[in-house]
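Take a look at these structures.
Consider the two complexes below, in which chain A is the common component and chain B and chain C are the respective partners.
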Partner chain A sequence: MTATLERGLHALKEVIDAPIASYFSSCVHCGLCAEACLFYTETGDPRYTPIHKLEPLRRVYEQEYTLLGRLKKGLGLSKPVTDAELDAWQDLVYDSCTMCGRCSLVCPVGNDIVYMVRKLREGMAASGHVPDGIRNATRRTVEIGGPMGLKWPAVANVIRKVEEATGLKVPVDQAGADYLVLLSSMEIVNYPEYIEALAKIFHKAGISFTVASDAFEATNAGIQIGNSDLAKVIVSRIVDAAERLKVKRVLSPECGHAYMAIRWEGPNLIGRPYAFEVVHVLELLDELRGKGMLKMKSKIKDPLILHDPCQIVRRGGVLQAPEPLIQEVAERYIPIADKQKWNWCCGGGGGASAIHTEEAEALRAKAFQVKKRQIESTGVNTMVTFCANCRIVIEEGFDHYQMDTRLLGLTELLAEHLEE
Partner chain B sequence: MDALELLTWARGPGLNIALGIFVLGVVWRLIEIYSLGRRTDLAPARQHAGASGLHTVLRRSVPPPGMLRSSPVSYIGGFVFHIGLALIVFLFAPHILLIRDLTGLSWPALPSQFIDMVTVVTLVAMVVVLVDRINKPAKRFLSTFGDWFTWAVTFLPVLTGWMAVQHLLLPYTLMLALHILSVELLLVVLPFTKLIHAFTLFGSRWYAGRINAHKGVPV
Partner chain C sequence: MQGPLIDTLVRQGIGRRTFLKYCATLASMMALPPAAGRAMADALAAARRPSVIWLPFQECTGCTESMTRSHSPTIEGMIFDMISLDYHETLMAAAGQQAEEALHAAMKENSGKYLLIVDGSIPLGIDGAYSCIAGRTNVDLLKEAAAGAAAIVAMGTCAAFGGIPKAKPNPTGAVAVSDIVKDKPIVNVPGCPPIPVVMTGVLAHYLTFGSLPELDDKLRPTAFYGETIHDRCYRRPFYDQGKFAKTFDDEGARKGWCLFELGCKGPVTHNACATTKWNGGTSWPVESGHGCLGCSEPDFWDAGGFYKALSMPADPLKMGAAAAVAGAAAGVAVSFANRGKKRAAQVTHETTTLADLEK
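Here is the complex of A and B:
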């Protein structure tokens, strides 16, 4: 389908609902959302004020759904949304918004700003104003199966290596398993230790699991770009596999946007509830911890802080699991001031990390200063997180600022210290 | 038309027209907004203490952690002038008399010297938030004609009311007529400007609370 301005405006009209109408009507231009956005706090550029990023959507709302706006439009007094404007807005909607949702927590009139950014992206995608990086990731996911273009033989290869390293079987396409394990390409390519960790933990807990050869990828670039039709195609692969294999639960990997896609957006994309339950890996681990099935043989001694990925914690609702889990394995866990739902984004969520223009990369590096400050103010050399995308972005930040901080994945850390 | 005739018009037909536009305008806007509805969330809900629409309606009245320090003028100035306006509008004896004439409802008033003081504090707070709007980059950047205009139409009734009570600048009758006319202007523009937030903020907070509570996040 060719992207056109007409399709874009139509998409924007379609997404406007009562919450959005209420939000735009309530905004008093107080600008407090800017203080919650790392792209504003780290640059001081008022263009990055979250509510401003929604201006094209606001105008479509005003011109199509309010009496005065329709009157003004009829008299030719309103400024129509144009291709040039949407093009100029692209960096505000993608490069400088990771859909972290921190702005939505502070708005005094209660506007859920990130809810609207997600909807605005539908119009941006339909009108063709999306960054090439995210466009290509989406195309690869639809055509090949994953954002990095990874095919099953490569995954099978990684799984074989995991089996060799752990001496444990990783079942593939096994019907009737308790869990269908989903992965993100970034984990498969950059952090295969995550798969080893899972195999160990499942084996130890005596839980059956399987990987599906036609639905291993959990991430959903369709959601990041803002194309619900493609997002539906991508999420349907998982739903089909899970229902065919008759698993009880689908295990979302650490990856934040994958969790958002499969747990919260999925049923709404396919238009019905699932026949299975979706669980984030940390929820499962915390459940095992509660049952006394996650005993550690030792603890990590270094003082460390936790980075709570936005889509899992603030926007995903996995609020309670991370802290008890880190305390299980760390001797000196230091809670930071802005933790849990108040945590600051790594700067590369929502597809932003797939944008590789010079400007976008420079902006990401600037935004990373907020994480740098968190690390420096606590004086630690170790940070733990639980999202493959956060890990990539944070490691890029460490490289950029030549920091010698160590970054660890929570699931692997737990598996490493698991009682034999 | 002399001052007395102006006052008579403002108190009679003027007030009726303004109240009519205000009531119909607010009802129209609320229907226009909330009749759009929203789709049911099909993902299974998660429960969490403190996460609901009502929680968010209440919670957003206090500054979130760290925000008071980063934007003290917005919060303190905002609190002062909103509370000030409410006290002046609903607890000044002449206003209660007007409300009684219109609706039959009545309640005790605050002493007028106290309302005087509240009025001065409210005027000062409104000037302070205006200066803050000019000074703070994000606020200034977002500001449109509507922001300056709504500030003025909110400020004028307070100023003219205070000046009428204090017998400043103009004869009492004329100042009172201007006061009532300025209130009428406020009533007429409220439904069609950002001032409608006086009504929609409850809906907005409720939606945000509800939508996020579905995911188990108290926002």
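Here is the complex of A and C:
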């Protein structure tokens, strides 16, 4: 019960840095970021203009770190950031921002708006203005080990079933393996085929791997809620396990934000470089494809499109791997207009999919219209993606709009068509 | 054309009466007592032609034009014609070696007595090579001619103050006569070009009284340069009433209001244009609707723009640099303060636990 406005403002003072200062100073109020944000384009409500979502952070920056702002504050001319304001801002910072980064991409002056949202969330978390769904996911991750409350015995059970289904061994806590395989709870619970696919591909390529019983979870709710202390606790589990098992590489699962957390935020959170390399599963697959080790026995005939998850492609930088991989397995891959780094978000990233209030779900459904249009404009019946969270959110969208589109996971698709 | 000046003037159709009136006017212009007019007339009438050597340096010949090309014959022009102009490149018929011989003969014959008139500035850059006559640099010629002169008249702003050749960035290293010659009496007659009557006034005074007229701190005859254009401007009442033309075609301009806001430099320019006018008293710049450029003041070309009101800073760029320095200093100070503040916030960081997420 210690989240207070003071702690929130203190946190903001702590995280405001030179990039933030230059971003706020260089914003020209052009509004291009609004047109890039699916919450604005699908609702038409200017409240959802990305840079506007940062107003409390901007005012703290102005009042604490600019000459004029400090003078105005000293004279009592500035409007202080209040608890009520932060409360009113919660839906702008969490419900209607998936940190997809399309706004950062279009900003003509190069402002990384997502970077700022991430920092504003530090203050929101410290002042207690976070959605219950994300708070609970964080609690479960820190206390139990994963956002869905999964414990190792349940995971071990799933692994056993995978071994039975594939007839392949999935090593656990095996030191000296090439790869430490991370999973996301979503995959363990909803898409265990992913683990089967991995086992098959590793076996085929002759690469050794292991799963760590104390660090199987790749996702990091601490980053989604916006608290670096907790995010550090969570990411340290993986770093400790990987360094204890002396693996060469840590394999991020398809899950987008897990990749961002372990690959990009992790070293900054722990304050040092890793002793291992982090690769996304698609990067590994593309590497194998390049070596001719990913031969397909057949291809999927249906025309299909690709949904590029934001945190892997646009924010994560895995730009070139997905298309060659999908072409490897699809006969009729149709590139969409806004593909690769320009893709539209599923609407549930950045923790948004964990918010289950009525308003948040209604907003998510509304935002999904952009995805719906993408699918309808190409006239296909099949979509492929590579992020467990995108899959959940898109399935929910299909359900909401009663669409009969089929959604597939790329890794599974590849494993399914892999030469025996 | 030997003999007293009055004989020559009479031959030209100028009667004694006219000449006396002219001298009286000249005397009053120079603020001399009324009796001085008669003394001046006597002296001038009897004067033998004084030897005058005119050296043109970095100039445009505008000063000579001003003196000689009045649209109708004037007494100034005639007096000017009557002096023994022994050397003047533009006006003399001789050229080349003959001209140089004339110069040296005049300098030798009249050593210590001739009047030296200089127009144009003197370049000192690359050893004076920017302007040479007969293979010799201007500075060399000036020093030689000045040595035997009784007095020197620096005609025009270039000779008096350096003028346009000296304007930034002064590529030739141009300087004024007074920057080089230190041991001779010098009279500066600035203006671009100078008013002809000032020239004859100085000559008349020299011939009448055997001395140069009273000069101000910039060596200008106070009789002509003692007051500013603004002091004597016929538009001055409008200035006093606060009636200003804002553009060259507005109602104020048509009504002949003060041109101060259009950049008139009259308030800081010492010259006699407002009283003597130009072209035989026809008009003068302000009367024609244009502000004074300040041509008789030093460095008038670099005074910040002819159309910029005097109340505006002449050189805002320097202030810009100063502002930039002040801004940068303020920025550095703010950045240090900010770093301190941020470090303080980081030092007082309390590690968040799960309990801290609850409100």
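Criterion: the second predicted complex is superposed on the first by the 419 of 420 C-alpha atoms of A that agree within 3 Å, B and C clash if a C-alpha of one lies under 4 Å from a C-alpha of the other, contacts with A are read in each partner's own complex, and residues count from 1 in each chain.
Keep this in mind: contacts are C-beta pairs under 8 Å (C-beta built on N, C-alpha and C of every residue); 3 or more make two chains touch, one makes a residue touch a chain.
Just so it is clear, the structure is predicted and the values come from calculations on it, not from any experiment.
After superposition on chain A, the partners chain B and chain C collide with one another.
Judged by the touch definition given at the top, the superposed model places A:L75 against neither chain B nor chain C. In the superposed pair of complexes, A:T2 makes contact with chain C only, with no contact to chain B. Touch criterion not met for A:A175: it reaches neither chain B nor chain C. Note on chain A: of its two partners chain C and chain B, the one contacting more of its residues is B. By the document's definition of touching, of the two partners only chain C reaches A:V130; chain B does not. Of the two partner chains placed around the shared chain by superposition, chain B is the only one that A:V28 touches, whereas chain C remains out of contact. In the superposition on chain A, A:K13 contacts chain C only, with no contact to chain B.
Legend: residue contacts after superposition of the two complexes on their common chain; A:Y65 is shown touching both chain B and chain C. Once the two complexes are laid over each other on the shared chain, residue contacts for A:T138 go to chain C alone; chain B is not touched.
In summary, superposing the two complexes on chain A brings one listed stretch of chain B into steric overlap with chain C, and the stretch in question is 8-16; the others among 8-16, 44-52 or 134-142 show no clashing C-alpha atoms. 16-17, 21, 65-67 are the residues of chain A that lie in the contact sets of both chain B and chain C, per the superposition on chain A. Interface of chain A with chain B (complex): residues 16-23, 25-32, 34-36, 40, 44, 46-47, 49, 51-52, 65-68, 104-112, 115, 263-268, 271-273, 277, 314-317, 319, 337-338, 341-342.
Interface residues of chain A, counted against chain C in their complex, comprise 1-3, 7, 10, 13-14, 16-17, 21, 64-67, 125-130, 135, 138-139, 142-143, 225, 227, 229-230.
Across the interface of their complex, chain A is touched by residues 330, 334, 338, 341-342, 345-346, 348-359 of chain C.
Put simply, chain B touches chain A in their complex at residues 28-29, 32-39, 41-44, 46, 48, 56-57, 60-61, 64-67, 70-71, 74, 78, 136-144, 147, 192, 194, 196-197, 200-201, 203-209, 211-212, 215-219.
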